[in-house]
Amino acid sequence: MFAAFLQYLFSGLTSGAIYALAGLGFAIIYNASHVINFAQGEFIMIGGMATATMVAAGVPLYLAIPLAMVASMLVGVAMEKFAVEPARNADVVTIIIITIGASIFMRGAAQIIWDKEFHSLPAFSGETPIAVMGATLMPQSLWVIGVAAVVIVGLWYFFNRTMFGKAMLGTSHNRLAAQLVGVAVKKVLLASFALSALLGAVGGIVVTPITFTNYEAGIMLGLKGFSAAVLGGLGNGTGAIVGGLIVGIAEAMASGYLSSAYKDAIAFIIILFVLFFMPSGLFGKRGTDRV
Amino acid sequence: MNLMTARTGGLAALAIVVAVAPVGFSNSYFYDVGVNAMFNAIVCVGLNLLIGYAGQISLGHAGFFALGAYGSGILTERYGVPAIVALTLSAAVVGILAFAVARPILKLKGHYLAMATLGIGIIIHIVLKTEAGITGGPDGMSLGNFKMLGFTIKGDQMWYWVTGVLLIFAVWLSLNLIESPVGRALRAVHGSEVGAEVVGVDTSSYKVLVFVVSAVFASVVGSLFAHKNGFITPDIGSFFGSVHFVTMVVLGGMASVYGAVVGAVILTLLPQLLAVVEQYEAMILGVIMMGTMIFMPKGLLPSLMIKLKSREAGR
Amino acid sequence: MRNLMKWGATAVVVAGCSTFAGQAMAADPIKIGSILSVTGPASFLGEPEKKTLEMYVERINKEGGVLGRKVELVVYDDGGAGEKASTFTKRLIESDKVDLLIGGSTTATTMAALPLAERNEVPFISLAGAVVIVEPVKKWVFKTPHTDKMAAEKVFSDMKKRGITKIGMISEDAGFGKSGRDQSLLVVKSYGIEVVADEIYSPKDPDVTAQLTKIKNAPGVQAVFNFGFGQGPAIVTKNFKQLGIAVPLYQSHGVASKDYIKLAGDATEGVRLPAAGLVVPDQLPATDPQKPVVTAFKKDYEAAFKSDVSTFAGHAYDGLQIALAAINRARSTDKAKVRDEIEKTSGYVGTGGLVSMSPTDHMGLSPSAFHMVEIRKGDWVLSN
Amino acid sequence: MSLLKVEKLSKEFGGVHAVEDLTFTVETGHIHSIIGPNGAGKTTLFNLITGVYTPSSGRVLFQDRLVSGMKPYELAALGMSRTFQNLQIFFNMQAIENVMVGHHLHLDRRFLPSLLRLPQVTRRDRECRDYCAGLMEFVGLGKYLDADAASMPYGALKRLEIARALAAQPKMLLLDEPAAGLNATESREIDEVIKKVASSGVTVVLVEHDMKMVMGISDQITALDYGRKLAEGTPAEVRANPEVVSAYLGTNG
């Protein structure tokens, strides 16, 4: 039965790594602007759809990937510039509605620019399953996990070792203070959207061989990504990764040992319980309100 | 500004709009859309107490709406319970459920609260989808007319007038609450929780109270919706339904009873109007949502009021 | 609000009504109303259905219409939501004053629209699968697709023929898969087959190896049967291969489109499923009356849209043909007469099979409508 | 008689003692000031007394009743009310409504009568409005009766918080830097208000940096540094205390 357990774990890791990648995008934007971007899933969709359709049209993969990343980044920048920035001082809920509006817009545009069909990409390193003690894992899952790991290391480096990254962090802690010490806050916000759109695209590209993609693929990824980011503690990259993996593994274990019909519900119950005891998520800042 | 006149004036204006609108209705489809708009408006008036006045977000209220609908459906169809009893029982169960989850959930703030309510809504949706033996599963369930005291609400016209009266009643209740000490305490919770606490407002109890009230509003409307439509699917309780309700409230204007009504009416009519543009529907809807929130961040009605006021002042 | 509503009422989707100079169409157009799930989770169904209806209405109008009248098609997208379907059906009946309804891509949207058609006495041809739509018979309601029960029966009889007695089921938790699973569980016993594992997945799950592992480890499983459509079955198929499960995999008619093979790739090798003749027109024997019909439809569709034809497109084609034939026979659009004529449909050769309706059977498809096909080297091969 | 007793109170934030082993009493009817340099733990002490924070150890007694661990609203019901250094105004409401929330505990706040707008609820509420208008006059906000809180200047908001706290009709009023950010004239006016409050029989606990004000109106002073008590006594005694002079007055004044 250990093989079965291991298989559930692999299943959970595969889904979890996908959720984690989606969650990271939420974390980055939240870090820089305290905005939850409900269009994050659409960045992932754009990355996947753009790459898949380009490859289908004969563009080589190594060219399609950077093009799709650039396309997604442009969309992210445009969204910040035209939809989020003009509403900077609005209520949190107002900005949430704006990002939801943006996600609806992007889905609508995607079904016109592309189509409503599902698209796939060939797996990067073949389709031969890797056998481990009676369980199997697809090489593409390793790609997803690997990319998530690279991204988290890259982000850590960016936020802790580069001037611009530190500026972004500073902006999230105190916008005014950041402005006073000469951080171009507007640029930072723009960059945060560009970065998370880029990240979304990368996620979309590596997961498409596993999950396929269509114009609505961003809904589920956005939802799970949000769950992952909140469970991990908003604004914390490591938290988003851990949150994503927990959600994925919880779903797989629930399918395996409890009930596959209720696996999503079980995952949400776990999230609720964690929040009851840790109201800022697993790794969120636990500050006392200053009055 | 005299509150009394604003209050009676607003209610009268609402009554007039409800009464006069059917002049433009050429058939029962219009009444149907009108009823749906008012159903949504009632839910939003309740939800606005929570979101607009008490400042607590919920992305799960479609779940309570669906529970009301299915409660009525199951009780009337499978157990032959009279419709009004089914509606009341469902609302009571939803109220108790909301009460049970409210305390731990409402300790959370902002996006964490959004996540938790989202989770509650999704769990309800999954249960309704999965327990097909009772709910009929994703293919939905049918139910009969709303009968009460030998009287049957039937047909879109009759539903229109019943719903119209209920909407006015709901707005009246909501205005009453907001203008009472209880409502003031709720608004204070939005303004500053600790500020309210130190002068004696038990903020967590008030948050629980308003959460339960808004859930009961949703449940009652869900029951009525189920009878009126005659057919329900679990998707009325989906995450999208909840987002839809919140969008109505925010678009129309948070902390404005009439704003919530306006938002609900507009977002109910919009898909009907946009059906003619076919595949561009989603893009246009997205642009309208973004545009409204960018240019009127306080929502349609409050923003218009501010403009009107400043114009008057300028004169 | 009043003005808004008026605008909404006068604005009508007119699709495919080509007017050309010199041709005077007699009388009012024949109005066909359609609610379809063009977007949302069931766009898999609604999109090809809409394309098909539009294409054929345009063609029919070019050829002079029906009864010398133009055909006008009004389509509303319900996004797969029951309550939207109900409002749009009302709009079609009350505001657009359609003569006949085609649509309801899913069982849920059909069930939402159904009472309205009944109450207003408008003929309604549904494009959805579940048996409940026509059993018990409703006076004004008909349907063209095979029922999920027929699909299940076809699969189970194939299993029985191969001596399979214990199977694992895996189905999606959305409408199609859920209702297919329920119907399967109802009829499976009569084939002497036992369901030893019954697993569920969500249509958008990235990975279902957990569920499949559970099935794999259930004692004595001799075959696995998956009910669902969209990307779900493709993921099931890939995961099935990944786990190296050695028993045969059966799919439902929900995947009878080339998209499935494209998505799941090599993993589809050997997968068996029930499908209409539409997917294998060349392999049908020359004597099969369906052969010319499905060959022509497939050609038309694929030429027009540059995408592979799906069974669902065929449902819409059949619905439209049955409706227009009935109007032709009725010599009018009088709703009662048209209804009577639809019910008298007999020997219609459609993409789904031979259709002969009766007052007790508002679907009229013979069980032989399904063929068992197997996927070999990325193509369908007729296996019975 | 002592109204408030603080006994060996400590509060730790991640290893840092914001308040440590603090003991003092506040006599009924006094104006009792807490002074100390920035970061001395004054606001934390207020938060501990009013239930915003729970103490790490030690006790707070109010009217000889153990109150540490109780919620702020429960303490408000016992007769404690306060203002904040960082304003906690309800900016989404009118000024007078802010004050009316302060009177919450004395109103009919049953849910159903409120929902149905029963006459007794509205009558009490009208009386409350008049009463609160009077309080606004009392603190010098007469011209803001119809204003939205969001439109008022900083100095007025400071007083609005005092009016709100007074509307609760407390036995003890805790004021956290009521004069911070005010000019000399405004400061003097606040000074007057505090004296008036005290003379109406309300015990006042005051945190304030304005030494002139503190020395002028206090009956008793407790000086803190690094969360510990440095000195205690009348203004004259504290002023003479060398430790206070070096820790506080020496650096600040």
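Order of writing sets the labels: A, B, C and D. Residues in every chain begin at 1.
To be clear about the criterion, a residue touches a chain if its C-beta (ideal position, glycine included) is under 8 Å from a C-beta of that chain, and two chains touch if they have at least 3 such contacts.
If you're wondering where the values come from, they're calculated on a predicted model, not measured in any experiment.
Enquirer: Moving only from a chain to one it touches, give the least number of moves from chain B to chain D.
Expert: 1
Enquirer: Name the chain pair with more contacting C-beta pairs, choosing from A-C and A-B.
Expert: A-B
Enquirer: Measuring between Cα centroids, what's the chain most distant from chain D?
Expert: For chain D, the chain whose C-alpha mean is farthest off is C.
Enquirer: Please work out the Cα centroid separation of chain C and chain D, and write it as a whole number of Å.
Expert: Centres of chain C and chain D (C-alpha means) sit 72 Å apart.
Enquirer: Suppose each chain is reduced to the average of its Cα coordinates; what separation in Å results between chain A and chain C?
Expert: Going by mean C-alpha positions, chain A sits 35 Å from chain C.
Enquirer: Take the average of all CA coordinates in chain A, do the same for chain D, and state the distance between these two points in whole angstrom.
Expert: The separation of the two C-alpha centroids amounts to 46 Å.
Enquirer: Can you work out the whole-Å distance between the CA centroids of chain A and chain B?
Expert: Those two chain centres are 31 Å apart.
Enquirer: Could you tell me which residues belong to chain A and also touch two or more other chains?
Expert: Counting only residues that touch two or more other chains, chain A contributes 111, 261, 264, 289, 291.
Enquirer: On chain D, where are the residues touching two or more other chains?
Expert: 52, 84, 88
Enquirer: List, in ascending order, every residue of chain C touching at least 2 other chains.
Expert: 39, 173, 200, in rising order.
Enquirer: Under the stated contact criterion, what part of chain C meets chain B in this complex?
Expert: Residues of chain C touching chain B: 1-9, 11-13, 38-39, 75-77, 80-84, 86-88, 90-91, 93-95, 107-108, 111-112, 114-115, 130, 132, 173-175, 178-179, 182, 200.
Enquirer: Within their complex, state which residues of chain A touch chain C.
Expert: The touching residues are 1, 4, 7-8, 10-12, 14-15, 18, 111, 116-118, 120, 127, 129, 135-136, 138, 141, 207, 210-212, 214, 216-217, 219-220, 251-253, 255-256, 259-261, 264.
Enquirer: State the interface residues of chain C toward chain A in the complex, per the touch definition above.
Expert: 39-41, 43-44, 47, 173, 199-202, 204-211, 213-214, 217, 230-231, 234-235, 238, 241-244, 259, 262-263, 265-267, 307
Enquirer: Any idea which chain A residues touch chain B in the complex?
Expert: 30, 36, 83, 86-87, 89-98, 100-109, 111-112, 223, 226-227, 230-231, 234, 261-262, 264-265, 268-269, 271-272, 275-276, 279-281, 289, 291
Enquirer: Can you tell me which positions in chain B touch chain A when the two form their complex?
Expert: It is residues 51, 57, 104-105, 107-112, 114-116, 118-120, 122-123, 126-127, 130, 194, 239, 243, 246-247, 250-251, 254, 279-290, 293-294, 297-298 of chain B that touch chain A.
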